[in-house]
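What follows is subunit A paired twice: with subunit B in the first complex and subunit C in the second.
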Partner chain A sequence: MIVPLDLLMLFVIVVIAIATISAKDLFSAVILFGAYSFLMAVVWAEMHSIDVSFTEAAVGAGVSTAFLIAAVSRTARWEKG
Partner chain B sequence: MMEWLTQEILAKYNYWIAVIIILIGFYAMIAKDNLIKKLIGLSLFQTGIFLYFISLGDVGVGWGLRSGTTYIIEAIPEGYIYINPLPTALILTAIVVSVSTLAVSLGLVIRIYEEYETIEESEIIEKERVL
Partner chain C sequence: MTKADGTGTYQLTAEERRVAAGRDLIIEVIASLMIPLIQLFALYVIIHGALGAGGGFQGGVILASSFILYVIAFGITGARKRLPESWNTGLQSLGVYIYAGVGLVCILVSLGFVQYLNYWALPLPVAYEMRRAMGMDFVEIGIGITVMATMTSLFFDLAWKEKEERKEVKESNEGGEKK
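Now for the complex of A and B:
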């Protein structure tokens, strides 16, 4: 692993996680969650776990984002309160 | 004191960030009212645990402080480094399981929305009380 890259990306990941759970618009929360998953895939590639990185990029950033968008489009878009 | 700080706090920064991500997800699961927000929190929790496991298996090339693994093959040529494959295999399975649980619970959320016409937990409890 490369320590400065690792630290920088983990910091960005924490910031995106906080933004994800504090967004009132569920659609933007879902897109932020996709960005989070993709950055996590990059972190795992950089930690030499390439197969986990592939799976996360396909399943975490791809399929679960699609599922969440489908669920948000069938229910309410805005979070109340 | 300085050595303790370096060895126990700074060198294991991946574990601390995994704990922070787990706590962010746990907060979302407990405190958020929206069901989809709760599921996103659940996914964050799972990803934090994955980060912890992958950090366990990684070899410490950077500062040489995160290494906890032994080599798989004894007769590795000099200069080759392998990560521990066990956490990688476990997490590969866990990612697939996590997307399955997410899909099933989103299906349940859509069904709840059809029944109650809201996905806010407090409003669902309110409607349950009236019925």
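Now for the complex of A and C:
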């Protein structure tokens, strides 16, 4: 476990999370959420928690991104207001 | 489909049908190469879950993601024909029955001797340690089947567009009666 690397990745995760909730384009919000999940999986693996990292990569970055893209394709692409 | 001058009709070729449906040859070839490898990896994760990282849930999700890739590459109409909703419902129930059935069989055979993790009581003609390992694998397989069917069913429901489906069905019907 390398603390400076952890801090750097956690900082990037916070930046991506803020970008996700402030994006007006919902499609780019979904893609940013996938990037957030993937970086989170890297952080879990770097903290020697392989099982949690595996689940995060499979569910968070893989399937939930596909689900959210399908949901965006069924509704509107741009946030209103 | 009618010809440009309005006389008679012709059958769409495979390439024209692909272009009309908005699909791409490269994506189809790469997906048909990737899907078997993804499914093999999912089975490895399910079986290897008792020893290392992974397990029934992660393996089931990876198996479902291979069906999602099929839907993205080849369109949802064919995918629904190959894996109908009735199969999804049946597989969801089958996984839960396997999961609960292994535990129930163990409790019945061991007469409730050990209430927790008594896979050794499975009535199989193999050694004690082997029975324990196989009981764990059966439970993981049950979880994997249920998670795969649930995730696939969720994605089918989200991606299903009745308008597109009607259009595709109409086109294929027209192509059929041209001959």
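We adopt the following convention: the second predicted complex is superposed on the first by the 81 of 81 C-alpha atoms of A that agree within 3 Å, B and C clash if a C-alpha of one lies under 4 Å from a C-alpha of the other, contacts with A are read in each partner's own complex, and residues count from 1 in each chain.
The criterion applied here is as follows: a contact is a pair of C-beta atoms (placed from the backbone, for glycine too) under 8 Å apart; a residue touches a chain by one contact, two chains touch by 3 or more.
Predicted model, so just to flag it, every value in this text is computed and none were measured.
> Which partner, subunit B or subunit C, is in contact with more residues of subunit A?
For subunit A, the partner with the higher number of touched residues is B.
> Quick one: classify A:Ile18 as touching subunit B (first), subunit C (second), both or neither.
first
> Touch check for A:Leu26: first (subunit B), second (subunit C), both, or neither?
After superposition on chain A, A:Leu26 lies in contact with subunit B alone.
> Between subunit B and subunit C, whom does A:Met47 touch in the aligned arrangement: first, second, both, or neither?
first
> Between subunit B (first) and subunit C (second), which does A:Glu79 come into contact with in this model arrangement: first, second, both, or neither?
first
> Return first, second, both or neither, reflecting whether A:Val59 touches subunit B, subunit C, both chains, or no partner chain.
So A:Val59 meets both subunit B and subunit C here.
> Which parts of subunit A are touched by subunit B and by subunit C alike?
Overlap of subunit B and subunit C footprints on subunit A: residues 51, 55, 59, 63, 67, 70-71, 74.
> Help me check something: in the complex, which residues belonging to subunit A touch subunit C?
Checking each residue of subunit A against subunit C gives 50-51, 53-55, 58-59, 62-63, 66-67, 70-71, 73-74.
> Give every residue of subunit B touching subunit A within the complex, in rising order.
13-14, 17, 20-21, 24-25, 27-28, 32-34, 36-37, 39-41, 43-44, 47, 50-51, 54-55, 57-63, 66, 83, 88, 91-92, 95-96, 98-99, 102-103, 106, 109-110, 113, 118-120, 123
> For the complex, which residues does subunit A have touching subunit B?
Of all residues in subunit A, those touching subunit B are 1-3, 6-7, 10, 13-14, 17-18, 20-21, 26, 29-30, 33, 36-37, 40, 43-44, 47-49, 51-52, 55-56, 59-60, 63-64, 67-68, 70-72, 74-76, 79-81.
> Within their complex, state which residues of subunit C touch subunit A.
Within the complex, subunit C touches subunit A at residues 52-55, 57-58, 61-62, 64-65, 68, 72, 151, 154-155, 158-159, 161.
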